[in-house]
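You will see two complexes here that share subunit A, one where it goes with subunit B and one where it goes with subunit C.
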Partner chain A sequence: MKISLNRAYAVRDHWSLLASGTFNQGVHLVSGDVGSGKSTLALMMAELFPLSSGRIEKAEITSCMLSLQFPELHLTGRSVAEECTSWGISADDIVVATGLTGRKDASPFSLSRGELKRLHLACIFAKDYDLLLLDEPFSSLDCQEKTKLCTTIEQKSRGITVIFTHEQNILPRVSRIWEILDGKLIDCGRPPDAFLHWCHVPPSVKRLTALGLRPDNISMEDLQEAACRIQG
Partner chain B sequence: MITIEFLRHRNLAIDALTIKPGITSIIGANGSGKTTFLKICAGIELPDRGTIRIDNLAPRETEIGWVNEFPDRNILFANVIDEIASPLRFHRITSCNKIDTDIRACAESINISHLLNRAVRELSGGEKVLVSLAAALVHRPTVLLLDEYDSHLDALLAAQINQVIRASGARYVIRCTQQMDTAMQSNQLLFFDSGRVTHAGTPEHVFSFLKGTAYYPFLWMR
Partner chain C sequence: MQDPRIRIATAAILSISAFISLQGAAFAFFWWLGFTPAVQLVKKIRLVFPLLLTIAFFSLVLELFGGNGLSYFIRMTVIILIGIWLYKEQKPGEFLSISVWLFGDRFGFELGLVSEMGMQSLSLISADFKRIRLAEKIKGMRWGVRSLIPTGMILVHGTLARAQDSAELLAIRGYRSGGTLCPEFLTKPMDVVAGLFAVCVFFTAVIPVSEFFILYR
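The block that comes next holds the complex of A and B.
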């Protein structure tokens, strides 16, 4: 199972993006500045943004889901229960998992942004997709929920998960790191070697690396393990 | 000073709270009442019970700058330049030259001059937040209220914006954030839990109660 980008080129009025590379099974992180094109790349990989040239090929991928940055853009239900049903899943399970017990009949717009994001992500992760594209999945989540989301992503046993984010603190263990620089997608490689080339390397990783204690990966567990080496 | 007494509104229950001038960050779980608190500070919602006074004035008598957590709900106009101009026009400033000068100075301070002639629909999520911030700052508010504005910004840009916020001249900046590195850089920190302010004080003081939780800044771990 893989998705290959072969000089995939997208153009907007003031901006363009050129992307090449192969995303195999595992968890991929795509970083980049605001406006660099992370969301557009997600749309391109979901075949929702037309290419000006080049191509994107999928092998053995039969199901794809794109989680948009703003969860309100996904809403179709007038209540929390209707929203769950629209995803083809049981509202009872989701409200318990998201701490929204007793709010099944509430309008999704009455939820706080974090609660709405939790609801949306729970609906996404209730099903298993071959290709899961997560655009800024950590935005609006509190620190505890970000940590839980990392665990959920790491526990996904199959498929390709691509996280497009500028989150720098609470991240899951990933198999490959990419970044968008000057309109081009760059393959930084696998961690920890990727840290050598990664311009958007998180400050905590940078700090540990400067102390000669490069973490194995970017998850909080990896950072804490490396930090413990300092104490030891 | 901002003084709050016996506030009751939705899930909020705050008996007494004082916020000094400077930057105050609010942290806590989703649904703990942070946004509701900001809305009361902004005068967008009036409390069911209790009082809030900003330098002895009601919020609705105070110049407020507001950045919503949903960038799309913050923006009224189709073009960036009209959006940033809107607070000045709503205040019936009629000099086109002054409006133009203020817009350009504000956009330059946030480093978004290149966006001025763009349509809002073309912007990324982060860029919409920057435009909202420019609109909030252009009329030089006394109180700047920011609801998780940084959840759509990359680290470098968030750092630059923090400098802009510090230089904004707003007497009070109250911001909700889930970035503990940002929360560390505040004059005062409030931790909300189920509608109550359970910890308040300097970041060092508040974080001392949060050791071992996901809220404790990694850079402080030893």
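The block that comes next holds the complex of A and C.
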């Protein structure tokens, strides 16, 4: 199972993005500044943004899901229960998992942005997609929820998960790191070697590396393990 | 066209000209072809085609019930083309400048601020609408009448939430009423030429063609 980008080129008014590379099974992190083109790349990979040139090839991928940054744009149900049903899943488990017990009949608009994001992500993770594209999944979530989301992502046993984010602190363990720089997608490689040439490397990873305590990966556990490592 | 005052006045004159007579509509259309990047405008704003279809429908109804549907269709099409040009040329801050220039720092500023916020909302609604269509596509839903209610709810809710945020922000910053602004406008010779041609179009719309050729009688 893989998705290959072969000089996939997309153009918007005064901006363009060139992407090449292969995303194999596992968790991939695509980092970049705000406005660098992460969301556009996610749309390109979901075949929802027309390419000016190049191509994107999918092998053995039968199901694909893209989670947009703003959860309210996904809403189609008039109640929390209807919203869950619109994703093809039962509301009972979702409301318990998201702490929305007793609010099954509430309008999704009465939920806070954070609650809505939790509901949306729970609906997304209730199904097993071959290709899961998560655009800024950590936005609107508090530290506790971000940590929970990292665990959920890490527990996904199969398929390709691509996280498009500028989050710098709480991240899951990933198999490959990418970044968008000056309109180009760059493959930084596998962690920890990727840290050497990753421009958007999180400050905590940078600091630990500078102290000679290079973590194995970017998850909180890896950072703690590196920080507690005894030198010498 | 650089000067928004001339641009808005021109659009108003041309729209009136197109509305009052078929002759005016024809000349306004020629003006639109000559003074705007016509083809690019139509290519960029895809809303042109659904709008034209709506007008075509009403024109057909009018024609079937004894009215002059064809004339209505032509006149309204030209008005829409002029409107699209005006919308596309508009830049942030222009309404505020024009309102202050016209009505002063108190009433003009208020009016301009409301207009600017309205225009900003329009572009945000348009961006949200595109994202909602994508989200529905992702869910495997087909766009149709059933999508209208949730889409409308999201757009209205989003717009109200943003309006509340803006109001709170203005209140926090101590805004009560009015404001100070020194509007500046850049007028290019071509703006004046285009404006004068629009006035000529207006005269052709209000004066019968036969009057032009009176000397030849």
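What we mean here is this: the second predicted complex is superposed on the first by the 229 of 232 C-alpha atoms of A that agree within 3 Å, B and C clash if a C-alpha of one lies under 4 Å from a C-alpha of the other, contacts with A are read in each partner's own complex, and residues count from 1 in each chain.
We adopt the following convention: contacts are C-beta pairs under 8 Å (C-beta built on N, C-alpha and C of every residue); 3 or more make two chains touch, one makes a residue touch a chain.
All values reported here derive from a predicted model rather than from experimental measurement.
Peer 1: In the superposed model built on subunit A, check whether subunit B and subunit C fit or clash.
Peer 2: Clash.
Peer 1: Subunit B or subunit C: which reaches more residues on subunit A?
Peer 2: Larger number of subunit A residues touched: B.
Peer 1: Of the partners subunit B and subunit C, which touch A:Glu115 in the superposed model: first, second, both, neither?
Peer 2: first
Peer 1: One more residue to check, A:His74. First (subunit B), second (subunit C), both or neither?
Peer 2: Touch status of A:His74: second partner only.
Peer 1: A:Ile170 contacts which: subunit B (first), subunit C (second), both, neither?
Peer 2: first
Peer 1: Which partner does A:Asp182 contact after superposing on A: first (subunit B), second (subunit C), both, neither?
Peer 2: Touch partners of A:Asp182: none, neither subunit B nor subunit C.
Peer 1: Please work out whether A:Lys146 is in contact with subunit B alone, subunit C alone, both, or neither, and reply first, second, both or neither.
Peer 2: The answer is first: A:Lys146 touches subunit B but not subunit C.
Peer 1: Is A:Gly32 touching anything from subunit B or subunit C once the two structures are fitted on A? First, second, both or neither.
Peer 2: first
Peer 1: Of the two partner chains, subunit B (first) and subunit C (second), which one does A:Ser86 touch, if any: first, second, both, or neither?
Peer 2: After superposition on chain A, A:Ser86 lies in contact with subunit C alone.
Peer 1: For A:Glu60, decide between first (touching subunit B), second (touching subunit C), both and neither.
Peer 2: A:Glu60 sits against neither subunit B nor subunit C.
Peer 1: Considering only the stretches 25-33, 61-69 or 151-159 of subunit B, report the one that runs into subunit C.
Peer 2: In the superposition, subunit C collides with subunit B along 61-69.
Peer 1: Per the definitions at the top, what is the overlap between the subunit A residues touching subunit B and those touching subunit C?
Peer 2: 70, 72
Peer 1: Looking at the complex, which residues from subunit C come into contact with subunit A?
Peer 2: 128, 131-132, 134-139, 141, 147, 149-150, 153-154, 157-158
Peer 1: Write out the stretch or stretches of subunit B touching subunit A in their complex.
Peer 2: 28-31, 35, 69-72, 118, 122-127, 130, 148, 151-157, 178-181, 213-215, 218-219, 221-222
Peer 1: Using the touch definition up top, name the residues of subunit A that touch subunit C in the complex.
Peer 2: Answer in residue numbers: 43, 46, 48, 65-66, 68, 70, 72-78, 86-87, 109.
Peer 1: Using the touch rule from the top, collect the residues of subunit A that touch subunit B in their complex.
Peer 2: 12-14, 31-35, 39, 69-70, 72, 99, 111-115, 117-118, 136, 138-147, 166, 168-170, 200, 202-204, 207, 220, 223-224, 227, 231
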